[in-house]
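Same chain, two partners: chain A is paired with chain B first, then with chain C.
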Partner chain A sequence: MNIALKWMVLISCVVFIPPLLIGLIRKTKARLQGRIGASICQPIFDLAKLFAKDELLSEISNGMLRSASVVSASVAVLIALSSPWLPGMPVLFHSDIFIFVYLFALLRFFTVLSALDTASAFGAFAASREVTIAVLVEPAVMLCFIALAVVAGTTDLSAIFAFTADNLSIYPGLWAMAGCGLYLASLVELSRMPADDPTTHLELTMVHEAMIIENSGPNLALVEYASALKMLILMGLSGQCFLHATTAVLKLHHTIYSLGGLLALFVMVGFIAVIESTSVKLRWTKLPEFIAYAVTFGLLCAMYSLGTLR
Partner chain B sequence: MKLTNLELVFVGVALTAIMMLGTTNIRTNLSLYRWHTMLIAVSSGWIGYLRAEPVFHWLGIALMIAGAKAWFAPWFLSQIMRKVEVQNDSAVFIPTALAMHIGIALLALSYPLAQTLPSVLNQPGGSIGATVALSLISTGMLLMVTRHIAVSQVMGFLVIENGIYLISLTQTRGMPLNIEMGVLLDLLVAVMVTGLLLFRIKKNFEHIDVAKLNELRD
Partner chain C sequence: MEPHTVCILFVQASLLLLVSGALISIGSGKRTNATVLSTFLFAACFLLLCGCIGCWPDGFAVVLLPVYLGGLVPLVHVGDALSMFFLAILTLVGMAVALFSPAYLSHLQGRFNPAMYWFALFVFIGSMAQVFMAHDAITFIVFWEAMSLSSVALVITDYASRKAKNAALIYLGATRVATTLLLAGFIWLHALSKSWMFADFNALGSEALIPLALVFAGLCIKAGTWPFHLWLPYAHTEAPAPISALMSGVMVKVAVYGMIRLVLMAHTPSLILAYSAMALGIISAFWGIMFAQVEDDLKRLLAYSTVENIGLIVFTIGFALLGKASGITSITSIAIAACLLHVLNHGTYKPLLFLGAGAVDWAAHSRDFSRLGGLQRFMPWTALMFCFGSMAICALPPLNGFASKWLIYQGLFQFSIFSTSIFNRALGITIIGLLAMIGAMSLAAFTKAFGLCFLGRPRSLQAEQAKEMPESARAAQGLLMVACILISLGAATIVQGFAPITAGILPSYNVPVKLPEPQLVIALLVLLPAFYLVLIDLGRRRVKRFSTWECGYGELPPRANIGAASFSRSLANMFGMLIQHRVFNKIYGHDRRHFPDNVNVKYYKIFVVEKYIYGPMLHALDAVGRGLIRLQTGSIHIHLLYVFATLILLVFIGIRTLR
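Up next, the complex of A and B:
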């Protein structure tokens, strides 16, 4: 496949797959609750409708709300184009693990700014919760990535997740533990079920939803698209970790892994829907214990990777 | 340190034991214990198979562990839990998140400790097996020490027992079948006796919180 065609495939994936993932979650949840549910493509139509709508801006806002949503959407697109969430695809630039994690932090920073901008009490407390969660989750993500980087001998994310490296495919245990850690951390990072209920609008439980409560019209569409894109990237990477764990027993041609990565992405997202249907939201004070599981997996990965240096 | 598949099963054993430290819900703890012991049963059957022991020996041991330790003991404990009406460990001495991280630190510590053990013979999975076994003993002790509810003490005891079993499995040439059966029987009796004891404690004191059991009463 030549490089131009690959770029076209990648860009169309980045544009169309994130809303489809949201649609998949909603559809799976509806089926598990015994409803038919809306079509998987419904979020695409929702986004198109929001882009056509007018925008309502609070009088107090000084414009940060508008610019922050544009910034967060463009940062999300930048991460999606530079990180190897789909194996075998070209990247804009070779992303370091630290750049990757701190671009996510930049995205979060602007979301928090926009939540504080409107001076609504909801936005402020949701922002404070979001930052508290971020402080707890970041070590887990970092430990998983650093463990993989130590074994790979490089901090280049594309090199770590390339299926061609033989020195990485002999550690299925490391990959599986890193996958579990990343998955649990991303559940919290994406404000999904055990940490936050994305479907209710009850002010006591919301984290992400309360932050974007003042956004409307195209503004809201951009923020929702950015959060769906975040899910695409994080779920793509954790799905690939599990895919790497299988390469120890099963070696396939590396073009098949592009399709496999896409499949793993959808399986991971479907699993979110299953978790959301079967579990309840944790109390806020219990959340650090849940995040501790992600950190535990990260610590185990780190230990394992130090063991490989001997 | 490239792990073989058998050693990966051992790592799973250590992982599930450490995760038991992370939750105070008794039902989750019991199901984690079930997985933990099933992995022990799988690894003991596997090791027996690798050593080319007679079929009835390794298959028998694996099945007996799965039946007695992985199925009966948690089932019995969950029945007791239903009778004494306790679902949650109300309080812990060390926060669960911290306990889990201490568990990992102890797992890391047991690796150099296991290297100092006199290696009797070159067993498959010997060094990692000893590491995991030592970490199971310390994890079980941590579980016993940090919890208030008496059932968690029983679970901690069972985890310690699993650790001791794993040492005997990986560091010796294997035990005769009748000794393994005797140990299993002892374990079952111990679980049943502690079950009855829990009943009596609940009846006399109206709780099973060991933190409040340091005063004599007639």
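Up next, the complex of A and C:
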């Protein structure tokens, strides 16, 4: 496959898959609840409709709300184009783990500021929770990645997730643990069920939905798209971790891994729907204990990597 | 004339300008003209900067006056690569301060002595410059003292304020202890090397460990690392904003300069010093940022964040020492590059933030988050520049803060790959995890600082009537912001350019990692406008304005905005062991539940180090003092006896040592 075609595939994936993932979750949840549910493509129509709408903006807004949604969306696209969430695809530039984590921080910075912009009590308290959660989630993600990087001998994400590094494929345990850690941290980062309820709006225990409560029209569309992209990237990477774990026993041709990565992505996202249908939202005070599991997985990964003396 | 000669002339001219500025300000008394003096200061800083850039990397040596300090060493102004690097930061911040000061001082009118302010400012900047140009212990300590005392005078600019007096007292105490330790270390080193020159100190072997540790401790106090950070939040908060910018941006870096010059350049690196510097650094970074994010005063928040950043810098120095001691050159190179780049970065974005805080204070007459808010509407430029500064200090890509943070991470990563002992590998990985946590906490602190000051609804009448500062003050912040952006773009080149500085530390300087900045910047520059067009052009449609969603209760008062304590409460609770805070509620009225007449809420913080370490220490000191006061009888006979006894003791010691 030549490089231009690859880029076209990648860009169309970045544009169309994120809303499909949201659709998949909604459909799976509906089926599990015994409803038929809307079509998987419904979020695409929703986004298109939001883009065409007028915008309702708070009088108090100082302008940060609108610029922040632009920054969020463009940074999310930047991460999606520079990190190997889909194996075998080209990247804009080689993103290493530190850039990856700090680009997420950049995204968070502007989301938090946009929530504070309108003097909404909902938004502001959600913003406070968001920065609190990040203090635990960031080390968890960083530890999982750094353990993989220590084994791979490089911090380049594309090299770590290359499916060619032989020294990595002999550690299925490390990959599985890193996958678990990343998955748990991602659930929190994406404001999914045990951490946050993405389906209701006016609960005081909310994080993401309460932060974007003042966004509307194209503004809302950009933020929703950015958060769907975040899901694409994080689920893609944690899915690949599990895929790598299987390579120890299952040697396949490396072109198949592109499809495998896509499949893993959808499986991971489907699993979110299963978790959301079967578990309840944790109380805010219990949330640090939940994230502690992700941190623990990160620490275990780090210990594992220490044992792999080069 | 050769370019080098011209540059040396620039240096001489700038030194003369500094001295004459000081003389003019003290001479003009009540009729000081802020514009003239700020022009003098700006010109001096600008010339010095030009001189440094022109002389790079060979350096200069200038003698202006044939003065012998203490009859021991001649007063020489020597700039090598390391000195010039720090001088460049000083002059950059100095220029911004010169631009910012006149406008800012207008709101202190009548509450301060302008002649004193300008005199102390010239002395402060001049003595810092000379400390950077000192190559012997005597010059260093003399101008170190001048720097400390003039900064104390500047802290107390607003002399009527009780808080400022208190802050100056605490700061003065800290500088005394620092100077004592430094002097003890220097005299000891002199006894070992029979010289006052730093080059001879550096050549000493492992016998210099204890005096070096003394010097290091003295420098740590000045730098404000944990547990000596006590003075920092007081002094930085009460000083006028331009002075806080200088103190935080440059003065604490003087201590860092001392560490590099004396500890890092020492011939025999010591593992103990390396590990203790790393430990102190990491603890300060964590401690500083943890307290920063619970602060409710903008400048105190910034001051605590200085503790964090200085912690990171001291950590990198320890890390470089460790690399040097274990002989891994690549790690030493990365650590030194990270250290110098972080010094440069912190020297640009922190003054930017302090000047921004000064602008807020000037416009809204408060630094308290509970009286600010919504300033972005009234002060759009200040808001933009403060936002840039906050992003840079949170190490968000693509700004300059990220470049140095990235180098620290890369250094730790290389360390955990290449070191042979499992302890060091584990150390590297653990610290990476900790740094990620510290990074997230600084995000919490600075979203709070920006969000509560500039966003939302104004929380007081003064905040509602705020207006932008005059152009000169905005230009000062703009200068620093442009410096931030230029450093972000040229980080890779700058890191390569550190080579001449490291000549005294390393045999060969080679940073084996490549900074990723340019691609990031370009990608963001393409993506941001593209998305802006999507929002504006595709969205070329009506924007209706309506009130914020308030559950249908109608317009909410500004008090319904989130407060500083509420914003940081959930994070503070997570570290409840260290950030101890108490909330006292008292509700008055007979149907207190539904119709309270009066609600009284008080929020207290308990500072652990202050309460459990310094409190008992001060009490003990007090008790000792009360015992010793009996010696001071007030009778001249007894005092003459003391003098006589001291004389005999000194003669006795002298005879002992002569033998």
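To be clear about the criterion, the second predicted complex is superposed on the first by the 309 of 310 C-alpha atoms of A that agree within 3 Å, B and C clash if a C-alpha of one lies under 4 Å from a C-alpha of the other, contacts with A are read in each partner's own complex, and residues count from 1 in each chain.
As a convention for this text, a residue touches a chain if its C-beta (ideal position, glycine included) is under 8 Å from a C-beta of that chain, and two chains touch if they have at least 3 such contacts.
Everything numeric here is computed off the predicted structure, so don't read it as measured data.
Of the two partner chains, both chain B and chain C are touched by A:288.
Once the two complexes are laid over each other on the shared chain, residue contacts for A:117 go to chain C alone; chain B is not touched. In the superposed model, A:212 makes contact with neither chain B nor chain C. Residue contacts after overlaying the shared chain place A:47 against neither chain B nor chain C.
Of the two partner chains placed by the overlay, only chain B lies in contact with A:172; chain C stays clear of it.
Contact with chain C, but none with chain B, is seen for A:105 once the two complexes are overlaid on the shared chain.
Comparing chain B with chain C, the partner in contact with more residues of chain A is C. On chain A, the surface patch touched by chain B in one complex and by chain C in the other comprises residues 288, 299, 310.
Within the complex formed with chain C, the chain A residues making contact are 51, 53-60, 62-64, 66, 69-71, 73-75, 77-78, 81-82, 92-96, 98-99, 101-103, 105-106, 108-109, 112-113, 116-122, 124-125, 127-129, 131-132, 134-139, 141-143, 146-147, 149-150, 153, 155, 202, 213-214, 217-219, 222, 284, 288, 298-299, 302, 305-306, 309-310.
Taken in their complex, chain B has these residues touching chain A: 1-3, 8, 11, 15, 18-19, 22-23, 95-97, 100-101, 104, 107-108, 111. Interface of chain C with chain A (complex): residues 373-374, 376-377, 383, 387, 390-391, 394-397, 402, 405-406, 409-410, 413, 416-417, 422, 425-426, 429-430, 432-434, 436-437, 439-441, 443-444, 446-448, 450-452, 454-457, 516, 519-520, 523-524, 527-528, 530-532, 534-535, 538-539, 541-551, 556, 558, 560-562, 566-571, 574. Listed in rising order, the residues of chain A touching chain B in the complex are 170-173, 177, 288-289, 291-293, 295-296, 299-300, 303-304, 307-308, 310.
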